[in-house]
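In what follows, subunit A forms one complex with subunit B and a second complex with subunit C.
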Partner chain A sequence: MRMDTVIMGGGLSGLTCGIALAKRGQRVTIVAGGQSTLMFNGGSMELLGNIDGQDVTNPLQAITTLPQNHPYSKIGANRIAEIADEAKQLLADAGINMAGDATANHWRITPMGIAKPAWLTLSENLRIDDLNQLPAKRVALMCIRGYFDQPNGMLAQGLRDLGFDVQAIEFTTDDITSLRRSPSEMRATSLAKHLVSNNALQRVADQINSLAGDADMVLLPSVLGQTDDNDIVTLQRLCNKPLRLVATLPPAVAGMRMQTLLRHYFKMLGGNYLTGDSAIGGNFEGDKLLNVTTAKLADMPLRANNFVLATGSFVSRGLAANYERVYEPVFDLDVDADADREKWTRFGVLEPQAYSRYGVATDDNLCCLKQGKTIGNLYAIGSILSGHDAIKMGDGTGVSMLTALAVARNILCGK
Partner chain B sequence: MADSMQLCNLSENNFEQCTKCSICTTVCPVAAVTTDYPGPKQAGPDGERYRMKDPAYFDKALKLCLNCKRCEVACPSGVHIADIIQRARMKATMGHRASLRDTMLANTDLLGTVANLVAPVANAALGLKPTKLVMHSVMAIDKNRTFPAYSRQKFTTWFKRHAAKAQDAYPNHVSYFHGCYVNYNFPKLGQDLVKLMNAMGYGVHLLEKEQCCGVALIANGLYKQAMRQARVNTASIRQAVGTKGHTVLTTSSSCTFNLRDEYPAMLEIENSDIRDGISLATRFIYNLVDEEKVKLIFKQDYKRRIAYHTACHMQRMGWQLYSIELLRMIPGLDLQVLEQECCGISGTYGFKKENYERSQAIGSILFKHIENARVEAVATDCETCKWQIEMSTGLPVENPISILADALDVEATRRANSAGD
Partner chain C sequence: MIIVGGGATGAGTARDCALRGLSVLLVERNDYSTGATGRNHGLMHSGARYAVTDGESASECISENMILRRIARHCVEETDGLFITLPEDDLQYQQTFVEACQRAGIRADVIDPAEARRIEPAVNPDLIGAVRVPDASIDPFRLTVANLLDARLHGAETLNYHEVEGLIINQQRVEGVKLLNKQDGSHVEVRGRVVVNAAGIWGQRIAQQAGVNISMFPARGALLIFGHRVNNMVINRCRRPANADILVPDDTVCVIGTTSDRIPIETVDDMRVTREEVDVLLKEGIKIAPSLATTRIIRAYAGVRPLVASDDDPSGRSISRGIVCLDHAKRDGLEGFITITGGKMMTYRLMGEIATNAVCAKLGNTAPCVTANQPLPGSEEGAPSQSDMTKRYSFGQRAAIGRHGSLAARIEKDNDIDNALVCECEGVTVGEIKYAVHQLHVHNLVNLRRRTRVGMGTCQGKLCSCRAASLMGEFRHDVKGAQEDLAAFLDERWKGMRPVAWGDTLREAQLTAAIYEGLCGLDKAVNLQGKEDVQ
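And then the complex of A and B:
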């Protein structure tokens, strides 16, 4: 089967790249091995949040100070602003409404109640532009009885530490109580599937309206809107006070919705999305990749002019390690990683870890290397790239989207 | 050395790989509509740990699993979640007697043989309100269901009378596993395949012996019978693939998935030597076109707007691409590819009274998508999805092979593919 471009990996970076290419008329197939880490995303994108332990206020400016091996530096700091705008527009076109500014980080609230710098946040989520000017003084934190993917005590304390006057209020409705029959599966995603009818939402609103007291703002865990934001808008309309959602522990409804909307948009543009299949190898000729073999298509490899590797980092199995080395399991591409196993990790799971910066080696066009040789039509994007650190630098989602769009540009202009 | 150390502690369905991320539960169509079912993570890898300690931990709620395999497709860690659940069901219910209703629903070929003989009577009777009420109350087959109509003439009878003789004259050859649906309910699909393959220069042949693939037998706990039939089919396919060098084509995604993947996974029937020789017809045809071995020429005046629904087992096989790309070759066809959702029927599951409401609730998302697509027909590779979608949306549902056969300029295609001989 011949395509213009085959993308391996169907998460944020793979979909972003696929959409950008399909929009320009390319025939694109995405091979997606299982769901991606987007399912853990609470509804924010980060461009750059932290450098050497210091919070970043203006990410565009801070990006110019990054070392040469950071993916943003390879894209070129002068192109970041334009590509960041394109990313924001792409999300909006897919139906994902986010607010934020690439020159001024705002604060998102983690499920643990910690404020972290962010670039874009879903418009229904609690977002703080300035820690000295909170969007509300008294907030009612609505806690759903029996729902355990939100550590309410920690969240309330975190919000108090930020200066909010927090009242944590437990509530339930008949619909929610019925879900407790399956206690192990009372997750955000199951709540989102059951709280869809107007009646069910009205019952939630009734509880909120009667319990929220004198709060200026109501906070609810992000348990609504799995496929679009209609249910959220409905509930906001039914509540007497401004209602904002706060991110929950995964699997996250917001991330699931973003994944669904992006996939839907990609398919609408004519793209093929192969769920549950994965690339297992390919054939090279000289400095070109000719085709990719997948587990399910077996003896019928996917041929294309260009290939994009977006298989993610260790958690998504885009990178792997054994007792001897860190490697890229599909093509055995060159990786930037320490040879000495002692250096991979250090004691203390929350300490900066060397392995989180490991990834495949690329040239300045984000082309991959194999045995020191550049493969001119095989690009890498997203978390599989070396030189960045999603956890410590707060640059994961930004790198995913921006490298995806940069590579789409490279492919379209024949670089 | 390092690799072999890791492999030592892998179970047969690699449930140790489960990282408890719960993503499988978010895509489970059953957990989405009922709290009676604990969801795939709990029913699969979590429960398996308990069941390994003591089989008494088996939870009866596992019978609510549709075996749609969407959990496996979504799993980021490659755990065979549905296989774990189905194997657990199998172990727990092995030796139990299946109810009359389940036996009847599962024996699609036996039911078909009888019904064919009296097709007009059977069709009329199955459609009558009193029959439906008796089936509903006595047999626990839901009264809202309509049984697929039975054909007066079996596909195999038609084939032997009207097609078999001409097949040897073609330069290339394939075998065809037609399945129960084509044979008893809808011979036209088999006839469409013969028409299509013949136009491309391929003779079509039946297997030496074909029995029902047994997908419904497995689902209804008739494991011994499923194994017997699977052995017969595997031997026939082995003969076609090994001795004759044929590819064995199918036109049903569920039969295909069963023959290729469930035989080894559920019934422990070794088929690795012939698995690659079993192919959905759309995959086989797409590949011939892709390798420029055949040309398809379509009618100039063909014009339709159709939505493609990816059946769950089709998605599990990962082959929807072939049907979709093949349909996209038809110039006059405006194809809308639907978001993958389960239609809720899952073979015989939705026919059972106790499952009817759940089945329709599951399918409601898909039905909505179909309604929004504003199409004149739906294409899908699965016959039970077809019944469900036809009943629930009122739109006709066609197999991609029938759509291709309909859109094909048979004479022009025949000429184009015989020119080189």
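And then the complex of A and C:
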């Protein structure tokens, strides 16, 4: 079966691109390896958070100052606003309700209680639009007894530093206590799986209602709603004070839910999602990629008119490095990376690291290059692209979604 | 009396002195076992390595080897070792080697290469000869802590993060030390009748502060840690000692080393591993166990051996690898000052005995040394050994018994929270962290790692370091400090990862950055600039 487009990688960028194409009637297959970096996403998207160590207040404006090799510059700074709106709408259509504005970053609260600039944040999460106007004065920080993936002390201190009046309150319920019998079971995902019945949620709400005192707002670690937000809505209804969630250490339930909802939406649009498989190579003819071979379908190459590489950075194995070089492991595409191993990294773990800007080389249409030659029907999107820095610039999720949508447009208009 | 240096030698000396009834203070400028003690293979030599070139060291090793199996069995894993001959080596050497081992009293059984492949499947299958010797694996961190614990149980005081700023000298007699408390910046003077310089390579500076010259020859050795344990026996090359010819299984990982380079004394604090060192270690390591070529390297580190020139050879050409004990009264006319140096981690107990004998001679103490017979805390009679543990222990409890021996009984485990795992790779529980913070002089995460192995496993502290930092902030009532500590811990890990940052190690680094910087924003909360390099 010949597809219109085959996408390699089923994370945020791959799914976004797949949805945009399927929505316009394309037959799309996504080859998805497994977990994506949404596992580390507490429920926010970043367009651009930081330039040269300075927090960005207006990302749309700041994007116009980026160098030419940044993926946003390749898309065209003047198109970013429109594509960002499309991304926000796509998320809403998938059932992911996020609030935010591309012209004004808000602040998300990290698991350590640190405020970081963000573009979109899940509506149930604690979000601060203006640091001088906090959404609540007194907050009750509900700490689940025996759950260590929320550094409660740091979170409470961080919130106090931001001006909240914080009361940290430890609680448990029978359901949670039974989970703790196994010493390694207290992860956000296992809590999310156990806190699903109305009775279990009622028991959590009872604790919150009896312990939260005179707080204006209740904060709970984000350990609910792995597949949809029904449990969160239910708990919010059962609590007699406003309830907001705070991101935890991985696994991040919120990010896993975003992944699930995007995948469901893609499938609903008729998309074909191959889980647990990955591209291992392909056949080229001239400046075209003819087909892609996957690990599980070694003798049945996937043919398509267009191909999209969305396999992520080193973390997701979209990029690889050995003793001698940085490379793209599926097609050995051209990469933008230093040849000298000494330059990949720097001493100082919190220093900007060169490797985080490495990625495959692309032309202005985000088409890949192999041995200096443009492959006209093979695009790259998301974290595998060079020229951006998810860690230091806070542009990872934005680049993933916006390059995905830009490439979908390129494919649809035959660029 | 005062001991300067909290490595194995200082700890062993403190224990011996305390057991002989002396009043002891040990001071260490960083954490315990931060010098050469914590920066070697973790190999409990049989002595075979030195048999051909240095018979005296070999005899010392085998004798101490047998003692440590008794007194420190909770720190020792009895793996045995192989000395293999590869096609590029001279098989004739094997005969010389075996004879030298026999002379030194080291059991050395020549075995068939096929038998070697059977008992150690990781070994290079091309080997043409193999000799089995009683090498073993030892945890130097645990060993040092056990010695310090016993010293304290017998009345000694020990202080980490106290640096010697100067010696108090009066009329050609050392009467004490001036200390800087590096945690709060305060200064204090402590007096004692004898000061023992057990500061390893840094002992040269301590001696200089006493106006005494000791010519040390720092020999730097770099090592690589691999992400899992490919071998179950120590594997050595059967040839004259050379670069990267020993592979040691340690707990869940294995270690190849070492290089050996003479370095200027001024550079002994720079522990950064170079690209050239990594290249040599990899090239040679793969010859010992070919599967290392495809095994993830999780860390590179280096240590400095304190080699000393013989006093009768000021040129430094005849450098001793053996134990050197200098009574500066006899050597330099300075009373109350003894230097114990040279030797190896392996012979720390004997060095402690020799130093203590010298101290006792000065003080007129005639109590005999008992450290060769009296088990260390954790290895007493009746302590559960790893082999007789049954199902009634959880993973965390078994791991804790492995680390702390009978002292694991002191770890709180009566409620579900204390049993909860913080570090899943190494099986470290909340109770064990509490125990370490309250009983084992833990001030920061790096200390905690040395005492419990938290963050030392395959994931290299990816998530457990945050959990542990958070808990320590709670136990120590210092949240801000916990964040800075976490960043410093990640930085310390990165120092070891950077020289080998490719493959999965680079992936792990990016993942760690995604979690701690991207998700958590730790880089916005702390500033590592200007922080001291060595923890």
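Everything below uses one rule, namely that the second predicted complex is superposed on the first by the 414 of 415 C-alpha atoms of A that agree within 3 Å, B and C clash if a C-alpha of one lies under 4 Å from a C-alpha of the other, contacts with A are read in each partner's own complex, and residues count from 1 in each chain.
Methods note: a contact is a pair of C-beta atoms (placed from the backbone, for glycine too) under 8 Å apart; a residue touches a chain by one contact, two chains touch by 3 or more.
As the structure is a computational prediction, the values presented were derived from the model and not from experiment.
By the touch criterion stated above, A:179 is placed in contact with subunit B alone, subunit C being left untouched.
Of the two partner chains, subunit B is the only one touched by A:29; subunit C is not. Contacts of A:250 after superposition on the shared chain: both subunit B and subunit C are touched. Of the two partner chains placed by the overlay, subunit B and subunit C both lie in contact with A:322.
Of the two partner chains placed by the overlay, only subunit C lies in contact with A:111; subunit B stays clear of it. Of the two partner chains, subunit C is the only one that A:157 touches; subunit B does not reach it. Residue contacts after overlaying the shared chain place A:137 against neither subunit B nor subunit C. By the touch criterion stated above, A:275 is placed in contact with subunit B alone, subunit C being left untouched.
Residue contacts after overlaying the shared chain place A:145 against subunit C, while subunit B stays out of touching range. Overlap of the subunit B and subunit C contact sets on subunit A: residues 37, 40, 180-181, 184, 250, 315, 317, 322-323. On subunit A, the positions that touch subunit C within their shared complex are 37, 40-42, 110-112, 114-116, 145-146, 148-149, 151-154, 156-158, 177, 180-181, 183-184, 186, 247, 249-250, 252, 313-315, 317, 320-323, 341-342, 344-350, 353, 355-356, 390-392, 394, 396.
Contacts from subunit A toward subunit B in the complex involve residues 1-2, 29, 33-37, 39-40, 178-182, 184-185, 187, 189-190, 193, 250-251, 256, 260, 263-264, 267, 272, 274-277, 294-300, 315-317, 322-324. Listed in rising order, the residues of subunit B touching subunit A in the complex are 1-3, 5-6, 21-23, 25-27, 31-33, 35-39, 41-42, 46, 72-78, 276, 283, 286-287, 290, 315-321, 324-325, 337, 339-340. Residues of subunit C touching subunit A in their complex: 272, 275, 282, 394-396, 416-417, 419-422, 424, 429-430, 463, 466-467, 469-471, 473-474, 479-480, 482-483, 487, 490-491, 493-495, 498, 501-503, 506-507, 509-515, 517-526, 528.
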